[in-house]
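Both complexes shown next keep chain A, but they swap its partner, so chain B is in the first and chain C is in the second.
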Partner chain A sequence: MSRFVYFLLISNMTANLIAASPRIFFAKSEEGAIVTMIIALFFGVFMNWALITSFKAFPGKSLPQILSLYLSKWITIPALFILGVIWYVSGLQTLITYIDILLRFLTPEMSVYLVIAMFIPVITFGVIMQSRNILFTLELVFVLAFPAAAYYIVKLYFAEQVSWDHVGIAMTFIDNPPDYTVFTTAIYLFAGAFDIIIFNSLLNKKMTFGIKQALIVFFLGAFALFTTYFIPIGVLGFDQVENIMYPWILTSDSIRMKFGVIERVIFIFLLLFLAIAFLNITIHWHVACQLFQSAFGIEHMKMKLRKKASLITVVMVFWLIAFYTTLKITEYDLFFYSKYYFNTIPIIFIGLMVLMLVVNRRAKS
Partner chain B sequence: MKFLSVSKWFMVVLCMSGLLLQYGCAFKDIDKRLFVSAIGIDPAENVENGYKVTLKVALPFGAIKDSPKPSFAYLSREGHSIGEAIRMLETHVDKVLELGHMKTIVVHEKLLRDDMQSFMDYFIRRGDIELIAYVAGARPSAETILKVEPDTEAPASVSLINFFGATANDSPYVVTTYLFELRRDILSDGINAVVPLIETNEKGDELIVNNSVVVDGREDPAVLSTIETKYFNSLLKHSTGFTYLVKEGSLELLLQISQSKMTYKFVPNKGNTAPHAIDMHIWMKGTIGEASKDLSIARLDEYNEVASKEVKQKVVHFLTKMQEENLDPFGFGLRYRTTRLHTEDVFTSWQKAYPDIEFKVTVDVKLQGTGTIE
Partner chain C sequence: MNMDEATRHIEPPAYYTRLATRLEPTADIVKKTLKSRGRVVHLLYLKSVVDMMQLQEIVVKPFYEMSAEQNFSEYIQSLPYETKMPTGDEEILIEITKGNVFVMIDKQITLLELKIVAANAVQEAIMEPTIHGPQLGLSESIETNINLMRQRYHKPSLVIEPMQLEDASNRNIALIYDGERVNLQLLKKIRKRILTLDVELVQASGDLQYYLNNKKYSLFPTSLLTERPDRILHNMAVGKVIILVDGSPHAIIAPTTFFDFMLSMEDAYYSFWVVSLIRFLRYAGLFTCIMLPSIYVGVTSYTPEVLRTELAMTVAASRIGVPYPSFIEVFFMLIFIELLTEASMRLPNSISATATTVGGLILGTAAVEAALTSNIMVIVVSLVAISTFVIPISEMNYAVRVCRFLLLLYTTVFGLAGMILGMLGLLLYLVNKDSFGEPYLRMFWKNRQEELKVDDS
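Right, the complex of A and B next:
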């Protein structure tokens, strides 16, 4: 596996730490969250294996290219369109969550329009960038922000504010039957690598997914799930954790570094994770944009100006929808719709894998 | 030569057009804000079931040289809820009240009950109040405590902050309770929250923190004495640097403990799920700080034994006292809940078992020396 695939995977795991997934876990904390997460862990590794293996035969080709080579237009266009919507919503969900968090914790006096307006240029620029540059940005942010983010997360494990008794109580619920929503939310953490349906066109080396890669994904996932679920419980207590809107924000606000540069860890934490979230939105929307462009056949357009114009149209539509939903949606709606969104993930995954199976067969014959 | 492509020009214009919407800096300057350094909450005198909120506001001054004493303003207001009172207080000053730097919440002793979560709610719900703010009880009232300006208070600082969090004062008699910790402990079954109690002397120029209060549902919250507070801190919070006075016959020893560790486990009852005893083991390491007689290094083992016996007696006394009051500041119930798979009656069976539980304490004091003299 190329190192960029790991980067994509980790960035998705990290961005989800403060988005909607912890809340969904905690809502089901007495109804089988733990056992589901263990199942999801194995399924997540399987997902990544299936993805990498199915793309193995097509190094240097993105999904739209592969599909247009082997399948008819009648299947390709709807498939790409649906995938585009899924990727767009994934970015949108992160965007709404982060705008909400920014307004609540960092800049409570700012107008919501201004906050969205600040996101627009940066993300738009990212979306229309070349795919190659996106990957380099990803690597850069990783080098700059990720060590610090990892430092803070590891620090949490040794903080005296974490009460391991509460973690122990959470673990006593291990015998409950699994829950579908928790399952889909947990496997979404592993969905980062699926961005290669576009970025595969840049990964020219043949990728393999053996025991080593499986173990890396397994341990990354186990660490991400454990941290996402248990650390907030240790800090905020098990009994009422499901009532908290943003468990991870409150958790980072409860951590104190006595002689750190800033005593309140939350500010550093928010900024770091904001950088990673920005990146995550950019990547997802870039993928969505590319998928839509292929679905509408923009790449085959003759005139350069026309191509640009349609690109701008796509971005405009992205932002119009984003503006509308961000202003309209309440926190409860977000939680509610996120659940529906996560619940569709396995179906999309199966659909994509069936397509890839067909394509692989046709490529062989 | 084409300088920039169309889409890039478009982007530049888009970014620049954002500037047209601005008409200057949108943020309020620092001189337009008042920084609240502490909040005091008392029961209201005139409003039924209401609260009296007192704010300690730090006043700005030009340079530290100009101001020998820190200067504060105090604002008070009664209201049905904390939020309402603070909203009304905003109309009493010409500037914005900034709560983001508020570090201490002082609550009247009588309000330290379980229903305090109803007003703590306001502090948690607001995003700008830090969850690592300290919470403390106050005697005789929060307002009096806030208005104390100790002689040792330096300009541009607040004494109330320095007491807690082990940044300045590191005494084992001072319990530190953070806001998030208080919320967690109040809302959890099987543990009682403990908050420090701030008192003042008769002249009103000193703050004294060496007792603590166990928060429970009762009207009159149980106050831990100075000694009990010290044991609580040393056994549970691993605070260092405390001393124990041990007496045996004519020998008086002052132990200086540098490390202490406590572990415990439940001794299960035969045939019954609930435990009948708690097996507690305490290790302590330290030196002798003061003695009434000449000491000999060779007899350290003997002193160890004397000390162990004394510490054990005090710990058992403290534990049984808490048990008699049906309080659980150590969180035994919480730990018990982790020891078996969850069923409905784990906690109820613990509640039934706790009043009759037996404490088997073993103490290992290991003295490493007699100080600088024998």
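Right, the complex of A and C next:
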């Protein structure tokens, strides 16, 4: 696998901390969250294997290109459109959550319009950039954020506020039957690599998914799931964690840097996750934008001007919807709809894999 | 003039006269006809650019010492000073203005390069000084500069490709590259860019670099201007193209990446750990000088709770009595420091020291005492000013100074989160930029040799 696929995977895993996933886990902490996460871990590795293997035969081609080669328009266009919506909502979810977090924890006196306006120029620029440059940005942000992220993780695991007894209590609920929503939420952590449905056009080398890659994905996923679930339980306590709106922010705020210029770890967390959220939104919306464009057949348009106009239209629609939903949606709604969104993920995954199976068959014959 | 002389006087050929009349109005034109024992040679040159001593030694003296005309013509042809004969009157005239001597023997014409260049002294490296590297930079003559390259790079694959700009001054420029290492696609692109330039007048490498950039409103430089031969070779050895302009002591290096601008040649002359420390300082300086003013605004005006309580108190205490919000304070002080920098650069050395002292020390202290600005702000601004100069290349230095203001604006409107987003935006802008088709900013995990050849893997 190309290093960029790992970056995409990791960026999705980390972005989940600020989304609704931890809350969904904690809500079911006495109803089979742990066993479901273990199942999801294996399924997540399987998902990545299935994805990479199905794209193996088409190095340097994105999903729209592959579909248009082997399938009729009647299947391609709706499929691309649905995928576009899914990817758009994924970015939107992160955007709304992060705007809410900013308003609540960093700049409470700022107006919501101003906070949205802050994102518009930067993310728009990112979305309309070339795919290649987005991958480069991803890599650079990773390199720049790595010291802070590593420090943050070490600080979390070695903080004295983490009570491992509570983690032990949580572990005792391992024997409950699994839960569907927790399963879908947990496998969403592994969905980062699915961005290659667009970025695959840049990955010219043939990718393989062997034991080594499977182990890397497995350990990354295990670490991400373990951290997401158990650290807040350790810090906030097993009994109360399910009542907290943003468990991860309170977790970060419980930890202090005794000798730092910045005393509260939460600010490192917020600013670090601003970069992660930004990447997450940019990547997802870029993929969505490309999917919509190919769904409407804009890619084949001759005139450059028209292509640009369509791009602007798509991005404008993106922002209009984002503006409307951010203003309208409440925190409860966000949690509620996120669950619905996560629940559709397996269906989309199966649909995509069926498509790829058909395409692979046709490509072989 | 009596009859006898009139018969002996040989009319100059029509072609020669035509060229001469084209040059006529200028005062330094010399038309000379050498005659001896029935042999005639016509010379045409500009005495201001031709080395008279050489002309005397090489052309005039042998003419009177040789016996037959045939021999002299062959002698002229065999001289190492001969320039390639261009086609067309206009081109020949340009060659003459460059310091060539036009020699006409019967129907045979030759151009001899006997030019004299006053400004061929190699200058000391001023903008990019190093302690251990070569102390001298380039000169203002293209020949001397090429000589400097050859002196340091003995390889038959070193190609020097002379070109002439189509601007008002018909400036000589030269592309220099290692034929074995250069990327041919890139070379073609640069050549095309130079040939399609449509500009009034190119004075030096600086404006040629700007025109090559091809974008009017671009902030960051996409090619590097240097005065150091070692930097030139360092870049040439990895397959980049060097452009020299006659009359300019700077060379253009293209294409460049962001990291090239953060490289000082000193890095090559020290041991690993020392260089690591210096590089760390340099990048820390880069981030400081871009972000520190914005952090100050974000922290004092939006989210003071970011800092630990004691520090937040100190900052707040030092701002007591300052009558306006922090962003005005920062803008005011930054503009002040920019003025100081600009003034000390334009002034002669002896006065600039006074200006800096008066501006920096006296006014700084007075501003704090008058409660126009806080103590901490003075520290912030001085830190910013100092760390700006850690960036080794002055164009990047300027670009960063502009960026600082843009980021400050974004932070003023949106707070600390705006600062991080602004930095990400800057990152996006840089990543999205390209220099002659090469990505401007990306992580290079491979070594420099492979840098230009990497395919996206």
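In this section, the second predicted complex is superposed on the first by the 364 of 365 C-alpha atoms of A that agree within 3 Å, B and C clash if a C-alpha of one lies under 4 Å from a C-alpha of the other, contacts with A are read in each partner's own complex, and residues count from 1 in each chain.
The criterion applied here is as follows: a residue touches a chain if its C-beta (ideal position, glycine included) is under 8 Å from a C-beta of that chain, and two chains touch if they have at least 3 such contacts.
Because the structure is a prediction, the values reported are computed rather than measured.
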> Putting chain B and chain C on the same copy of chain A, do they fit or clash?
Replying inline: fit
>> After the superposition on A, what does A:Val154 contact: first (chain B), second (chain C), both or neither?
In response: neither
> Is A:Pro121 touching the first partner chain B, the second partner chain C, both, or neither of them?
Replying inline: both
>> On the A-aligned overlay, A:Ile75 touches which partner chain: chain B = first, chain C = second, or both, or neither?
In response: neither
> Looking at the overlay, what does A:Ala363 touch: chain B (first), chain C (second), both, or neither?
Replying inline: neither
> Given the touch rule stated above, what does A:Ile321 touch, chain B (first), chain C (second), both, or neither?
Replying inline: neither
> In the superposed arrangement, does A:Met110 touch chain B (first), chain C (second), both or neither?
Replying inline: both
> Taking the superposition as given, does A:Ile350 touch the first partner, chain B, the second, chain C, both, or neither?
Replying inline: neither
>> Taking the superposition on A as described, I'd like to know which of chain B and chain C A:Glu263 touches: first, second, both or neither.
In response: both
>> For A:Ile169 in the superposed arrangement: first (chain B), second (chain C), both or neither?
In response: first
> Once the two complexes are overlaid, how big is the angle at chain A between chain B and chain C (Cα centres, nearest 10°)?
Replying inline: 100
>> Looking at chain B versus chain C in the superposed three-chain picture, what is their shortest Cα distance in Å?
In response: 5
> Taking the two structures together, which residues of chain A meet both chain B and chain C?
Replying inline: 110, 114, 117, 121, 125, 263-264
> In their shared complex, at which residues does chain A touch chain B?
Replying inline: 30, 104-105, 108-110, 114, 117, 120-121, 124-125, 128, 161, 163, 165-166, 168-169, 171-175, 235-240, 250, 253-256, 258-259, 263-264, 266, 305, 308, 311-312
> Of all residues in chain C, which touch chain A in the complex?
Replying inline: 302-303, 305-309, 311, 413-418, 420-422, 424-425, 427-429, 431-432, 439, 441-443, 455-457
>> Residue numbers of chain A touching chain C in their complex, please.
In response: 2, 102, 106-107, 110, 114-115, 117-119, 121-122, 125-126, 129-130, 132-133, 135-137, 139-141, 143-144, 202-205, 260-264, 267, 270-271, 274-275, 278
>> So in the complex, the part of chain B that touches chain A is made up of which residues?
In response: 5-7, 10-11, 14-15, 18, 21, 26-28, 124, 127-128, 130-132, 165-167, 178, 180-181, 183-185, 187-189, 331, 334-335, 337-338, 340-342, 346
